[in-house]
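Next come two complexes, and both contain subunit A; in the first it sits with subunit B, in the second with subunit C.
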Partner chain A sequence: MANREKLINTALALLLPALALAAYGMGEPFYVTLATRIAILALAAAGLNLALGLGGLVSFGHAAFFGIGGYMAGIFATHAFNQTPLFTWPIEIAATDQMPVIWLVSAGVAALVALPIGLISLRTSGVYFIMITLAFAQMIYYFAISWPAYGGEDGLSITMRNGFPGVNTLDPLNYFLIAYGLLLLVLFIFTRIRDSRFGAALQAARQNEVRVASIGIRPLRIRLAAFVISAMITAVAGALFADLNRFVGPSMLSWNMSGELIVLIILGGTGRLFGPVAGAILFVLFEFALGGLTEHWQLFLGLILLGVVLFVRGGLIGLLAGKVHHG
Partner chain B sequence: MSSALLIEQVLNGLQFGVMLFLMAAGLTLIFGVMGVINLAHGSLYMVGAFACAAVAAYTGSFWLGLVASLAAAAAAGAIVEVTVIRRLYSRDHLDQVLATFALILIFSEGTRWVFGSFPLYLDIPPVLQGAVSLPGGAQYQLYRLAIIAAGLVVAIGLYLLISRTRLGMRIRAGESDREMIGALGVDIASLNTIVFALGAALAGLAGALVGALQSVQVGMGEPVLILAFVVIVIGGIGSIKGALIGAILVGVVDTMGRFLLPQLLTLFMEPSQAATAGAAIASMLIYIVMAFILAVRPKGLFAVNA
Partner chain C sequence: MAEPVLNICNLCKSFGALKATDDVSLDLYPGEIHALIGPNGAGKSTLIHQIAGTLKHNTGSIHFMGRDVSALGVSHRAQLGLGRTFQISSLTPEFSALRNVMLAVQANQGSSFRFWQPVMADASLKDRAMHMLERVGLVDRAPVPSAELSHGERRQLEIAIALALEPKAFLLDEPMAGMGPEGSKRLTGFLDTLRHEAPILLIEHDMDAVFALADRISVLVYGRIIATGTVDDIRRNPQVREAYLGESV
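On to the complex of A and B.
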């Protein structure tokens, strides 16, 4: 079974660039953008998968980190475009439009926000955790709406997509390759974390908290670390997403977005390495195919989702590769 | 700042709190008895508001609309329980979140399909139009006072229902040990459906009552749902008393924060800056209060089975 999952993973990993290259070759930039969207959503969900899949932490507030990344990209792009400094006090800091810097800042800011949220919400578990993460994300959402400096309710348009050293990011294929490269990097990091001592403790804490505590590991610290790392990855995806759409608005912070990120993971397969990728492919294709048929596509998405939750446990990868193999 | 204005804001806070209580009471009952987290509770609120607006527009009577909102929300709740929620009792919370998230998509898009994207409007019934004079010379909208009264009546009714009736006894027994009351011969399946329909009816009532103050539109339920979550997290999940106190606390803190914070900040900064900063902080205030309460009591103020 494990080998079959590896085969599926390889197929999924090759499918995306194949789609992007084929679309690019046929002169269909729209489909390249669609593939980029899939890669970025998969990246965001891969971040959440670390907390949700490995750690069993059902965060219903990851849109907060996704949006934080998005706003960082928007804020940097705006300041860089207008050639105004980010801060004038206490020291003047100039903005840059270089993506690697923006990603690092996004991850850093997300970590700073995730730390207190995690500290408070991880004191609880189960439904409390779900509701509290949702509430904190909503707090950030309302803050973004009521703070007018960066667009408030209207959001921020990104006039010029941020740059990457030595690459023209305006070319859709180049931008796809950046997003896809980051996705592969994060999936690699995911496997390293999963197979590390830290990852073993995280998964053990999900399965039996008392046993983990009784052998001298504090579940809170392990979970907090996982929550923060997960938030950082999702924030980087958010920065990419804002640059893809050249727009960031409060909708990136909304509870809908948090729900969609969870949906991606469940559609693909919770805790599976390529679950987020499979889920993002399915989700974007549903959105695209159903959206072309009817403007009420969300109704059908809801029905499909309900069917998956009630009857297809384990998501697409679970369906294709069987249960998780404990080797 | 006059005392009349202050009284008005306190009453607005109470009215908001009472409305949150109607939502939170249903959520907390459903969680207490069935252990299910129901994200689609906001959709039932929306169903109530739409049923009231549609029936009131058709018959010209707000009161018939109110009856319709209770019936429609309770029916929607019962159908949802029988077809979907029932399958989720033995599942983990993740599956419950996802299935009820799917229900939100279905309800929202279904409502948009039937009623279109434009908001509906619901008039305040003639009897409750106008204002009353309060001590201190303030004028206050009669309808909002009526909402406060209705909410308090529901709170007392719920208390009596749960503490004095046979159904209430079963609900309490269900909260402490589901399997045991099943073994004693109580029909748990229909008890679940009744509790779910009851919670749904309360949400529908809240939606209908608020529908006359705001516009009735798709997506109106979710912001209220998330505030109701804050309420039951503060009050303690499963506790009706906690829901009432949490709801009033959230309603008053939120309303007073929006009113007082910008004024308070003018002491430290320029008026325009104070207005922006005050509004931004006020929008986060209840979440900050929630964080503080959780830091002290992680299970909420009135935790059941703490």
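On to the complex of A and C.
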């Protein structure tokens, strides 16, 4: 079973670049963008998968981190384009339009926000945890709406997509490769964390919190670290997403977005390495195929989700590769 | 006499009008097995919960290794060296027997914030965990997910996890429960040697095992300790015979 999962993962990993390259070869940049969208959503969900899948922390507020990344991309792009500094006080800091810097800042800001949110939310569990994370995300959502400096309700357009050293990011294939490369890197990091001591404690705390405490490991610390790492990854995906759309608005911070990320993971397979990738492929394909037929495509998505939850508990990966195998 | 490893003094715990623990005082000295017996509903498990820290007592004190641990949480007390097993096996069901013990070894080494090296390639964890499984006779079941182990095997795994913590005191909550005569006998022999590693506070219904193992016995009835003494003291105590042994002997 473990080998079959590897096979499926490899197939999924190859599917995305194959799609992007084929579309690029046929001169269909729209489909390259579609593949990029899949890669970025998968990246965001891979971040959430660390908290939700490994740690059992159903965060209904990850849009906050996705949006924070998005706004970082938007804010840097705007300042870089207008050649105005980010801050003038206490020291003047100039903006950059280089993605690696923006990603680091996004991850850093997300970590600073996730730390207090996690510290408060993780004292609860179950439905309360879901509701508190939602409440924090909504606070950030309304803050963005009411903050006129960066577009308020209208959001922020990114006139020039941010750059990457030595790469023309305006080329859709280049941009796909950046997003895809980052996705593979994060999936690699995910496997390392999952199989590490920290990952063992995190997964054990999901299965039996009392047991973990009674051997002398504090579940709260482990979960807090997982929550923060998870938020950082999702924020980097948010920065990429804003650059892809050349736009960031409050909708990136909305609870729909948090819900979509959870849906992605459930569709693909909770806690599975390629669950977010499988989920993002399914989600974007549904959105594209069903969305072309009817405005009410989310109704059908809901039905499919219901089917998955009722009949295929492990999502697509679980259906194809069977149960998780811990060494 | 040596200092007690565990010292419980005038402990009280009420749930509403019910006094679940009523002025309990109890010591555990190095090298001894102190058995805690009592009829069902006497408050044995409630007492264990308070010692382990899953429940907070109302008044009184709990000293462990000369330190007042009353304000400390479960994980903190475990770090100080309180090795507990559960009355109803409490394991990480998806993990194999080996990984269950490896997690305890990892906790004992005090290093769960390592994010990069795979645990399964970590010989320091694996060898130590295998050694613990060997001691309880579970080596050939190492790769089996703990959810798929038999009841008796889960009880053994509980012990292996406690061993891996290298505790300063064992807190064993009915380790024989549901083991069968053969298993109980083997475990009795094992616990007999274990007392030299760390003293054991043993809660047990199996009277043969208790009488064979215990250096001292405390009898808990309605949350109160009605007698503490050697096996012979307890056997002869008329109050105990009436309250407890009268039913079973």
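In the analysis below, the second predicted complex is superposed on the first by the 327 of 327 C-alpha atoms of A that agree within 3 Å, B and C clash if a C-alpha of one lies under 4 Å from a C-alpha of the other, contacts with A are read in each partner's own complex, and residues count from 1 in each chain.
Everything below uses one rule, namely that contacts are C-beta pairs under 8 Å (C-beta built on N, C-alpha and C of every residue); 3 or more make two chains touch, one makes a residue touch a chain.
These numbers were taken from a predicted model, which means no experiment stands behind them.
Touch criterion not met for A:87: it reaches neither subunit B nor subunit C. In the superposed model, A:215 lies in contact with subunit C only, and not with subunit B.
In the superposed pair of complexes, A:128 makes contact with subunit B only, with no contact to subunit C.
Greater residue coverage of subunit A by touch, when subunit B is weighed against subunit C, goes to B. Using the contact criterion defined above for the overlaid structures, shared-chain residue A:120 touches subunit B, although it does not reach subunit C. By the document's definition of touching, neither partner reaches A:188: not subunit B, not subunit C. Of the two partner chains, subunit B is the only one that A:296 touches; subunit C does not reach it. Shared-chain residue A:310: touches subunit B; no touch with subunit C.
Across the superposed pair, subunit B and subunit C touch subunit A at no common residue.
Considering their complex, residues 52, 54, 73-76, 78-79, 84, 86, 90-96, 99, 102-104, 106-108, 110-120, 122, 125, 143, 145, 161, 165 of subunit C touch subunit A. Partner subunit B is touched in their complex by these residues of subunit A: 52, 58, 60, 120-121, 123-124, 126-128, 130-132, 134-136, 138-139, 142-143, 145-148, 255, 259, 262-263, 266, 270, 296-299, 301-303, 305-306, 309-310. For subunit B in complex with subunit A, the residues that touch the partner chain are 31, 37, 84, 87, 93-95, 97-99, 101-106, 108-110, 112-113, 222-223, 226, 229-230, 232-233, 237, 276, 279-280, 282-284, 287-288, 290-291, 294-295, 298-299.
Note for the complex: subunit A touches subunit C at residues 192-193, 195-201, 203-204, 207-208, 210-219, 221-222, 225, 324, 326-327.
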